[in-house]
Structures are given as structure tokens and as C-alpha cells.
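What follows is a set of structures for review.
The two complexes that follow have chain A in common; it is paired with chain B in the first and with chain C in the second.
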Partner chain A sequence: MRSLAGLGRPSLVAALLLALVALGFYIAGALRQRDDLTAAGRRASYSAAGFVGLATLALVSALYAHDFSLAYVTDYSSRSLSGGYMLSALWGGMEGSLLFWTLLLTVFTAVAVATASGRAARLVAGAGATLSGIAAFFILLLLAPANPFVRLAQTPADGHGLNPLLQSPGMLIHPPLLYTGFVGFSIPFAFAISALVGKRLNDAWFTSTRRWTLFAWSALSIGIVLGGAWAYTELGWGGYWAWDPVENASFLPWLTATAYLHSVVIQEKRRMLKVWNVSLIVLTYVLAVFGTFLTRSGILSSIHTFSEGPVGKWFLPFLGIMLVASLAVIVWRLDSLKSEHTLDSLLSRESTFLAQNILLVAAAFTILWGTIYPIIAETFTGQRVSVGPPFFDSVFIPIALAIVVLMGIGPLISWRRMSKERLLAMARPPVIAGAVVAGVLAATGLRSLGALLAFALCAFTAVAILGEFARGSSGARRRDATGWLPALATTIARNRRRYGGYIVHLGVVLVVIGIAGSAWRTERQAVVKPGDAMRVGAYTLTYANFTEDATPEKLIDKADIRVTRGGSYVTTLSPQRNFHFAQQQPQSEVAIRSTPVDDLYLVITSIDKKGTAALRAFINPLTWWIWAGAVVMASGMGVLLTERAGARAAAAAPVPQRQPVTVAK
Partner chain B sequence: MEQPASSSSALAPRRAKLVIGALVVVVSLFGLVGWAMGRPGSTSFYLTTSELVAKGATPAGQDYRVNGKVVPGSIHHQGLRYSFALSDGKKPITVVTSRPLPDTFKPHADVVARGRYNGARFTASEVLAKCPSKFKPQD
Partner chain C sequence: MKALVLGALVMAALLAGATGASAESPQDAANDISAQVMSPFCPGVTLGECPSQEAVDLRNRIATWAGRGDSRATIMNRLVAQYGPQVRAAPPKSGTGLAAWAAPAVAVLAGASVLLWLLVRWSRARASGAGEPEITEITGEDRARLDAELASWRAGREGADT
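Here is the complex of A and B:
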């Protein structure tokens, strides 16, 4: 098979020219208010996407054709790499992942400018210009410092192969989802900038891009969870989240995007928080780009390697310009961003949204602080410092628990204002549920204050949300004279935004329960020979059998561990310790038995020829609920994404403003 | 015509409330960060082996991260307990640990050990591959 690698660079040059042409047409179209110029820009955007697609195809074909004359192909693949993972080599390295990023950006741009209609159509020129400018920057990166099509002087016979850790099904979907999320935020960002610059600050910029925001946010959410699942099943340390800078980089835009998704609702309903909303979408986008850069620049190992690194030198000015220019535009339009209303009462749904927003942004800033503190410390003191998980746990857990409470108060409280008595009456069942859960757990000997609070608050919020489903469907049941399930279905279908949101919240509650379960975590380590037994928690692990096999890629050492509990057989788990020939590196394959009660997690950390193994066993209670919660969240996102445009307009209708009280006393 | 005046005077307490609210949020945020930074294990010095030797024993309640390359021929183990020498090319130190070693652990591997130094030996509670996020193949 011949490789199309030769097409790569010319395609990128063509894409760069077309992005610049598009930029020119969009700016002219915006300045002269001429739709024909904007339409020409649109066509240039489609072509730019086509050429970036061609460049991506060139790299993918080079990977599949084993064209080791390309440095990228040599560095990230090998002849023995199996087909599906060849595709993941596309985002296995910096150059390839930036190319993939650019592909997503240009394709999303093409779709967004093609589908914008109604009031949003007038924002296309400005949004297109913004997006084309960003695309031009990324294509420039691909042509100069991050060129994926660099040829080697001598073509090696085989490549170095893909890092074995990346050869996992999760890595086929986790990076594309994260990138879809990161890049997806560029669409609402660009429409916001367009609205600001063009002074068209009605709600068209965020209502018309709501689906993009939801889509990007959903992809990012699922991507983050899959990253955790990948870490859990591949890395073998028994956990799923380590507050690694790379993880934080994906979490930061998620936090601000979640805040944004909620606060635009206030702007829709009450015409408030306009400055806040444009600032949040700018912040989200800048953090998304920052995340891409953080994971792909080498800044993490040291600030020095970063500033010397070829891509870092380009990225930092780009980030700076975007941030400063966006803020300048916001300040410039501050007059047009005045709130039309004010908060009526602290006891209102608006104020829970506001509090939630403050908490999410506070979480983002504290995590950002912890992530970049090593860079700051090294810059100012020359002393390298690292920030560990205890910092992040300490700042994030209290904030997260407060957000859980707000998710419970939200459904209980009404828009505008509510009497204290009514709120207390509504809150009674959830509060009782929380108190009962806390009491029972404390009686069974749970002493971790954080975990007790977490379970109690989750019970409070779950009952509050379920109560809302019960109220909604009991109304529908009476009205339509149907059973509970059809009533529930119609309730959700008729108000997808509201109930989709509640489903996502229920999923979050389950995730929090799964995380809080780590309070009961136990771990044992031992060196075992075939025939030996060890105990972990209530389980007895018997090392039944050792086998060794070889494939062209790796040597596989497998230990069969018979698991019993109270004398009765549970299952047999077979953790492996493999040796990958291409990388000359061993890698552990974890074996997990997952149930809603607990996960039994086995990993071999070293093994010898006779099968004597260092076996590490974890019991991770309730971890199953994290993944279950993520599935619930994803289904809620599905409900949100299928909201029809008509329903969207209705949901967006502002809450009627009270008549000003003019009666004299 | 008196309306603007009355509405601006009604705005003043609202603005004051907003400023106070914002101050409370900012102060509690700084408080939270300051408290969290001071907790054990939150921050630790990141040193090379020769910097560690120069700095001496780890003070109580702290831990250090030390970075260096695994010295070939220095790896010994007994059961779960490993000992190896780590060096930045200038001054080597001896690291002991009974925690699992990273998959990339081998002679010359660039690793980061977290733990405490008593002036002679570094007892690691964690040994990580340097920058596991950088998926670049090692040469």
C-alpha cells in the first residue's frame, strides 16, 4: 500500500491559505454588512476543512502503510501494532493530536457557519472570522514547529511502536471525546465574540449555540470519565483520578463550562449576568486551549523545557492574545451588557444558580492554582515544588459537597422568590433522608467526616430530585390517566431541559457516592508463589496457576487467582504481567471483579520465571457507581440534546417581570 | 423627575452588598487555598539527588520528591522490598521502598521518588516514572 504522506504538507498550505481567505471574506462581510461576502467566506471554510481532512488522511494512510520515512510514523507506530490502535497513533503524539484538533476545529466551523439560521445568521461573519483566525494559527503550528510530516534522513525498518498503555479500547475514544469537547467550545466562544464586537447582544449568540455547548460539554464529560476508567483499568494503582496536571487540564474547562450552562439559563429567564456569561465562555475556551497546550507542550516536566520547547513558544502568546483581546472586547461593550433585572430574593432558584456558579468557578481557580503553582514557584524562587493530591482533595471536596447540596435545593425552590416556611416544608423529606443515612452509617462505624457528609448530602439531593420526578409524573398520570412509567416518560419528554438536567444531577450524585466509597478502601500486598493464599478484606485469594505465553508483540505471564469468600467460590481472576518487545518494557494487565458493592482489583507488580509474583489487591467499595452514574449522566445529556427547537424557545421564555409597585401606601 | 435620584440611592446599598459578598467569597477562597497548601503532603520540594544531599534530612511532617536516573547494577530486591541508587550524574543516593515500581523502571530510567531522606537513605512511599504524560518513546 502506497502512502499518501506526500499530500500532507501541500494540503496544509492550501488549508492555511483558505483559512486566511475565509478570514478576509468574513471581515469584509461583517464590515460592509454584505451577505454575499460572508457566503464566500463560508465556502472558503468548507474548503479549508476539506484540505485539513486531506492532510489527516495523508497521515492516517502513512500510519497504515507503515511509511517509516515519516518521523511521526516511526515514533508512534510499528509493524506489529494492530489495526484499530494504528488510528489511535494519530493522537498518540503532539503533532498528530494537533492535526486532529485542527481537523475538528475546521469541520465544526464548517458545520456551524452552514447551519446558523434566524437571528444567529447575522453573527456568522464575526464568528467565522474568529474561528478562521484560530484555525490559521493551528495550521501554522502544523506547518512549522509541530509538523507531523517531517521526513527522516534514513527510513528505519520498523517503528518504535505506540506506548503500550495507549493500546487500550479506552484510548480509542477518550482522546477524541476530550478534543471534541475542547474544540466544541470554540463555537459558542466565537459567536459570543461576534455578538460582542458587532454589538448584537440579544440572546441569539447563546441560544443558537446552546446545542454546541451541550454537545461539547457532554463529550468532555464522557471523555473525562473514560479517562478515569482508562486509568483505573490500565495504570494498575487502584485509583481513577490522581489530580495529575493532564487530568486537571481537562477538568478546568469542564468546571467553567458547567457553570456557563447554568448561568445562561438565568440570562434567558431574567436578562441578568450578561458580563458573567460572556466571561465564562471566554474562560472556558481559554482553559480548553490551555488544556491542549498543557498536555502537549512539555511544560509539565519543567518551565525551562517549556519555554525552550518549540510549541510552547507559540502557544503562550496565542493564549495571552486571546485572553487579553476577549477581555478587552468585553470591557469595550460593558455598557451593552447591563443586567435588566436584579435578584429579587436570596430564597430563589436564581440565587442557587448563582451560588453554584461561584462554587464552580472557585473550584476551577483553586485547581488551576494547584496545577500551575509549580511553574509560578519555579519562576519566582527558582525552587521546584510539586503539589500533591492532598491539596486538591482539601480544596475540592468541600466545594463539591456544597454543590451537591445546591443540586438538592434547586428543585425545591422556585424562581424569583419563595417563603421560608414553604421551602422548609418542601425540604422535610430530603432532610430526613439525609439524617437517616448519616445516622445509620455512623452507627455502623463510619468515622470519616467527609464520607459521612457526602453520603448524607447525596441522600438529601437524590430524594429532592426524585421527589420532583414523582410530582411531575403524578400530575401527568392524573391528567392522561395512564400508569406511572408512561407518565414519567411523558413528563421527561415534555420538559427535556428540566428533567434532562435532573437526570444528569442524579448521575452526579451516583458518581459522588462512588467516590465517597473510597473511605472504606483496603489494600494488601504480598509476594506469592503458585499454591499460596492471601487474604484481603473478606476475600481469600488462592494463586491457583501460572502460565507463560508469547505473541509476536509481547510475552504474557498470567496468574490465575481463585477468589473465595467465607469458603464459597466467587470467581477466578487472571491478572497479567506482560513484556512488550518493541518498547522493551513490562506492563501490568489488571484483573477486576466489579459489583455494585465493591470491586476486587488485582495487579501483579513483578513476577519471575517460576511465577513468584508480587501481588497487590485492592477492595474498592462502591466504585461501580461511578461508572453507573456516568451512564445516567450520559442519558440525561441525551435527553438534553434532543430538546426540540420549539421547546427550546418556550423554555427560554423569560419569567414575567412583576409590575413595578407604584401604589402609594 | 426625581426617579433617577431615588433609583441611584436605592442602588447604593445593593452595590455595597455586592462588594461585601464578593469580598467574602474572595477571602474564603484565599483562606481555603492557604489552609490546603499547609496540609501535610500538599506541597513538597522537588529536588535532584545532589540538591537532596545538599539539603540534608527531611524535616518532620514533610516529604520530598527527588528526581534522578536509576544507576545500572544498583537494583536489589528481597520480596517486595527494593533498593536502588538514583543519581543526577553528580551525587547518587540510595532509595529503599516496598511500594510497586513503575512499569518503565529499569537501569537508566528517569524516575521521581516521593518520600523522606534521613541523610543516608531515601525511604520512598511512591516511585513514579518521570512525566508519565509524555508519551514520547524513550531512545
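Here is the complex of A and C:
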């Protein structure tokens, strides 16, 4: 492949000019209410996306052509790097990942302004201006402190290669999905700002961007889970979530976006919470950019430090301006954001949504606070402190369990109001299910209060949700005189928003079950040589064989571990300790046997030439359910995203008021 | 109702009984302590999560200390003396560290207070009828405008989604 690196910087200059031209046209179109100017802005947005695409193609071509005259290609690739991972080198470094971010932003902008129609078309000028301003900032970054097309004075024969941790199939998908999520929120954010500035505060801004919000939220959700899967299979510490600042940064906008997706339903149905919803979407986007700032600034110690760089000081003013300007516009329009109705009763679905919103935002605040507390403490006291998993587990788990309870109460309770007697009758089967699960687990010796509570609440919520499916399917079965499965399919297809949401909630329940399984976690470590055996839980691990191998990229030391349980052969696992030549860096490759009951997880932390190895062995019960839950969540997201426009309008139809407006004849 | 209350009580009793720890081996104690301290060898992760050989060695030392009967507090103090206070994976629940722990509770309480305030406010608005739509008569001019707005709204709704 031929390197097109020479096209990179000129393309970015053209893209910056076009983004600024688009910004000018959109502002003029909005001020003068002229569609022709807005249309010119649209065309400039398409062109800007095209030129950022060209710049991305230039960098990708340079990577595949081994054009080591570029510092980026030298720093993040090598001749021995395989083809697939060459693509992940695009987001393996700070400059490339910002270019990829900008590509997504400009393409999403082009699609959003091209497809906005109906009442949303009136918001295009303001949204286009907002998005073009953001795009101009990111392109400026790429031209100044984060230029991926910097040439070296002397071209080396080979590059330093990609960080071995990033040479994983998960890394081909995890960062693009996270960026898709982060950048995707810019569309509802921009339409909200447009609605605020243009005082068009009907429901067009959020109904027209609902699919964008769901798309971004789904991508971020799957991206976060894949990040956990990557940590689990690559980092070799037997876990999937370390409350690392960068992990937290991806979780923060997810929490506020989740709150927004629920509270916006109340605005659709009851015309309430208007200030809250615009604030949530602003907060979500600000937190998404904050996540990028955290990753790129290196301000906090993180396992993700492979991509930090000098752009942190650019992000802080950008974040500040965005936050202050957005809040100022919300305050400016407070009069137009008054709720049109009030809550009818504490026993209503609206109240559970409100309570859940408060918990989600409190969770986001808690995690943000814990993440930045080391900086605050050092600034004010001069003392260095750490805030790690013990803190986050202590403060987040109670909030998360309360959210699980609300996920169970939601399907049991109706909109507007419900009698206490009816709610108690509906809650009976789920409560009994929770009590039975807690009883069985306590009887079998589980002594972790948190885990018992988690399993009991998961049973409560799962039964509540499944009951809703059963009620819906039962009605469809009687109506259509059909079997249970076709009735279930019809029920889901006819109300994708409702049942898609329930499927996502069921997935969350499975994820919580998988996490709670860590209460039974067992870990053992030992130094073993071929022929030795060690025990972990019910398993006996026998070190059967040691082999050495080499590829052009690495030296491979492999230990074959024969696994038996109660004398019966189970499997043979082969963890590796490899040495990567390009980076002069050792790297462990874990070996996992995963089942719905437990994972046997083996990692070698050191090994010598005779094969004497430091072996860590973990039994992680129920971890399999985290990934199964994520698949269930993804299928629910699929159902939500395939909701048809007509069905969306019906689902969003306001709940009838108790005293409808009467018009005199 | 009785079954529900009984079920809830059974659940509460079982959960309340879920306390107490069985005797643990030195390695279990070391694993537990390793989850409570940050690794001096890997940035941003606990000692238990750190995959480096130095971390393995330190975990083994902790297991040795636990095996000879050192208490958790003694082991933790030893680690703090060696690696500094930032080796603790969570701020202390006293002094300046209290702020770290108090803020989440304050956030939840503040959120709950706002929710309560809203509920009281809405309940009062309902009682006074202020929260309900006003019943009013409209003029012919207003009616024509309403019809036009509704027609425009229906037309826009058909193609509203991007």
C-alpha cells in the first residue's frame, strides 16, 4: 500500500476552514431565518467530514505502508505488527485517537444535519453551528498540539510497535465503540442547545434525537463491557473493573445518559422535568469530553497512560466554556422550561423514574468526586491520597442495589397513580422470590451481606420483569389464539420501547448477578516447576509441561497446566509469559476456562528458562453471567433501536390528564 | 398482604443473619489486604490487581506476616511506613479524609431532599388546583390559530424523526 501521508495536514487545514465556514453559514441561517444559508452550512459540513475522512485515510495508509518518516507511525506500529492491529494503531496513540474522534464527530454531524426533518429541521442551524464549533476545536487540536502527521528528521528502519496490551481483538472494537458513544452524545447535546438558543422548546429536540441518544448510549454500554472483557483477558489480575480514572470517565456519561433516557420519558408523557432533561444531556456531553480530557491529560495516574499527551491544557478551557455557556443558556430560558403538569401520586411510575434519576446522578457525582478527590486533597492539604476500589465499592454498591430495586418496582407500578393494595398484590411474587433466594443462599453458607442482598434483589427484579412479559404474552396469546413464543414475539414487536427496555433491565440483572458472584472468589499463588501441583478451590492444577517458542514479534514461554476436579480430568490450560522484542517488554497471556458456574483463571507473573513459574490461579464464580448479561442488554438495545417512527410517536403520547381542557363551543 | 410482609421479614432476617467471617488462611488474609492497598509498582491499581513480579513478592511477604500472626492494622501500618500514606486504597474515615466519604452521602441526601421538596410542592399545587390545566373559553380567533397549529403539528410529526 502506498502512503498518502502528504495529504494529511492539507486535508485537516481544509477541514478546519470548512468547519468555520459551516459555523458562519449556520449562525447566519439561524439569525436571518434563511434556509438557503443553513443549506450552505450543511454542504460545508459534508465537505468538512470528507476532508477529515481523507486525513484519516492518509494516516491509515501511512500505517499500512510502514511510512516510518511519520513520528506517529514509528511510535505506534512496526513491520511485524499484523494487519488487523495496524488499524487499531489508529487509536493506539493520542494523535490518532483524536483524529478518529474528529472523524466520527464530522460524519455524525453530516448525517444528523442531512436527516433532520419536520420540526427538527428548524433546529438544524443551531445544532449545526454547535457541532461545527466543536469540530473546529478538535481539528485545531490536530493541527497544533496533537498533529499525527509530524515528520521525523531521519526515517528509522522500523517502528517501536504497538503496546502489547493493545494487541488484542477487543482493542479493535472497544475504543471505537467508546468514542462512538462519547461523540454520539454531541448530537442530542447540539439539538438541545439549538432548542434553547432558538427558544423552540417543544419536544422536537429530544424526540428527533432519541435514536441518536439510544445509539450513543448503546455503543458506550457495549464499549464499557468490552473494556471490562479486555481488562479481564489481557491485564492478568483476574478482574474486569478496577475503578481506574479512565474507566470511571467512561462510566460517568453512561450514568447521566441512563438517567436522561428515563427522565425524558416523563417529559414526553407528562411535559415535566424540562430543565432537568436539558441539564442532563448537557452534563452527559460535558462528562464525555471530560473523559477524553482525563485520558489525554495524564492528570491522574491510570493504567490507560499509554495515550496521554500535551493536549490537557487545551481541553480544560474548552470544557469550562462549554459548561458555563450551556448553563447560561439554560438559566436564560428557565421561563420556557416550566413543567406543564405535576406528579399525581408518590405511588406512580413517574416517582420511581425520579428516584432512579436522583440515584443515577448521585452515583455519577460520587464517582466523579472519588476520581478527582486525590487532586483536590493534594491541592488543599498537600497530602497525596489514593482513592481506589475499596472507596468506590463502598459508596457505589448501595446506590446500585437501590437502582436494582427501582428497576423491579417500575414494571409493577402504573403511570400517574396506583392504589397501595394493587401495588402490594403485584409485588407479592417478586418479594417471595427474593426471600426464597436469600434463604437458599444463606442456608448454603453465603455470609456476605452485600452479595446476599444483591442476589435477593436481582431475584425480586427479574421476577417482576418476567411477570410483565408473562402478562403481555398472555394477553397476546388469548387475543391471537397462538402459542407462547409467537405471543411473546408479538408482544415485544408491538411495543419495542417498553419491552426493549425490560430486556435491557434483565441484562443488567444478569450483570449484577455476575458481579455479586465475586463474593465466592478464591485466589491462590505459588511458585511451581514442571511436575508440581497446587490446589485452588475444588480444582487441582498439575504443571504438566513447559515449552519455549518464538515468532518474529515475541518469545513465548508456555506452561501447560492439567486441571482436575475430584480426580476427574477437566481441561488443560496454557498460560504464557511472552517477551515482545519491539517494546523490550514482557507480557502475560492469561488462560481461562469459563463456564456459567465459574471461571478458572490462570496467569504466570514470571518464569525462568527451566520453566519455574510464579502462577496465580483464581476461581471467579458467575463471571460468565456478566458477559451473558451484556449480550442480553445488547439484544434489548437492538429492540429499542428498531422501534419504528410511528410506534415512537405512539409510545411518546402524553398520558391523558385527569381533568382535560374543555373548549367552549 | 400478610404473605408479602412475611416474605419481606424472612428476607430481612436472612440478610441480617448474613454476618460473621470464618477463619481465613494467611493467603486469604493477604488477598484481602492486597485489595485494600494501592500497588507501589503499577499506577492506579491495587496490589491485588497488579500483575508485576514485585507485587507478587509483596503479596507473599504480607502472607508471611499474616501467617506469623500480625494483625491487619499492624501490616497496614508497616506498608504505610514503607510506601507512604497514599498506599491506602481509600482515604481514612477521619480528619480531612472524612470529606471524601461524606460527599456521596450528602449527594444522596441532597437528591432525596430535592425529591421530597418537589413532591410536597406538587402535592400542594394539586390541592390548590394550580397544577391542573386551566379551564378557559377561547375566542374564534384563538380557535382558528389552534386549528392551524394542530394541522402544522400533525404534518410535522409525520416526518419529525431524524
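Throughout what follows, the second predicted complex is superposed on the first by the 648 of 665 C-alpha atoms of A that agree within 3 Å, B and C clash if a C-alpha of one lies under 4 Å from a C-alpha of the other, contacts with A are read in each partner's own complex, and residues count from 1 in each chain.
Convention: a contact is a pair of C-beta atoms (placed from the backbone, for glycine too) under 8 Å apart; a residue touches a chain by one contact, two chains touch by 3 or more.
As the structure is a computational prediction, the values presented were derived from the model and not from experiment.
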More chain A residues in contact [chain B versus chain C]: C
Contacts of A:Arg593 with chain B and chain C, given as first, second, both or neither: neither
Which of chain B and chain C A:Ala456 touches, first, second, both or neither: second
First, second, both or neither for A:Leu346, with chain B first and chain C second: second
Which superposed partner A:Val387 touches (first chain B, second chain C, both, neither): both
Which of chain B and chain C A:Asp75 touches, first, second, both or neither: first
First, second, both or neither for A:Ile432, with chain B first and chain C second: second
Touching partner for A:Asp244 - first (chain B), second (chain C), both, neither: both
Chain B versus chain C as contact partner of A:Tyr373, first or second or both or neither: both
First (chain B), second (chain C), both or neither touched by A:His160: first
Those residues of chain A which chain B touches in one complex and chain C touches in the other: 236-237, 244-245, 300-301, 342, 358, 362, 365-366, 369, 373, 383-391, 394-395, 399, 525, 588, 603, 605-606, 614, 616
Parts of chain A lying in touch with chain C, wherever the complex brings them together: 112, 115-120, 204, 207-212, 235-239, 242, 244-245, 300-303, 305, 340-344, 346, 351, 354-355, 358-359, 361-362, 365-366, 369-370, 373, 377, 380-381, 383-391, 394-395, 399, 421, 424, 427-428, 431-432, 434-435, 438-439, 442, 446-449, 452-453, 456, 523-525, 588, 603, 605-606, 614, 616, 645, 648-649, 657-664
Chain B to chain A touching residues, read off their complex: 14, 25, 29, 32-33, 35-37, 39-47, 65, 79-80, 98, 100-101, 103-104, 106, 114, 130-137
Partner chain B, residues of chain A touching it in the complex: 75-76, 92-93, 160-161, 163, 165-166, 236-237, 244-246, 295, 298, 300-301, 342, 358, 362, 365-366, 369, 373-374, 383-392, 394-395, 398-399, 525-527, 583-588, 603, 605-606, 614, 616
In the complex, chain C residues that touch chain A: 1, 3-4, 7-8, 10-11, 14-15, 17-22, 27, 31, 35-36, 38, 42-46, 48-53, 55-56, 59-60, 84-91, 96-97, 99-101, 103-104, 107-108, 111-112, 114-115, 118-119, 121-123, 125-126, 131-138, 143, 153, 155-162
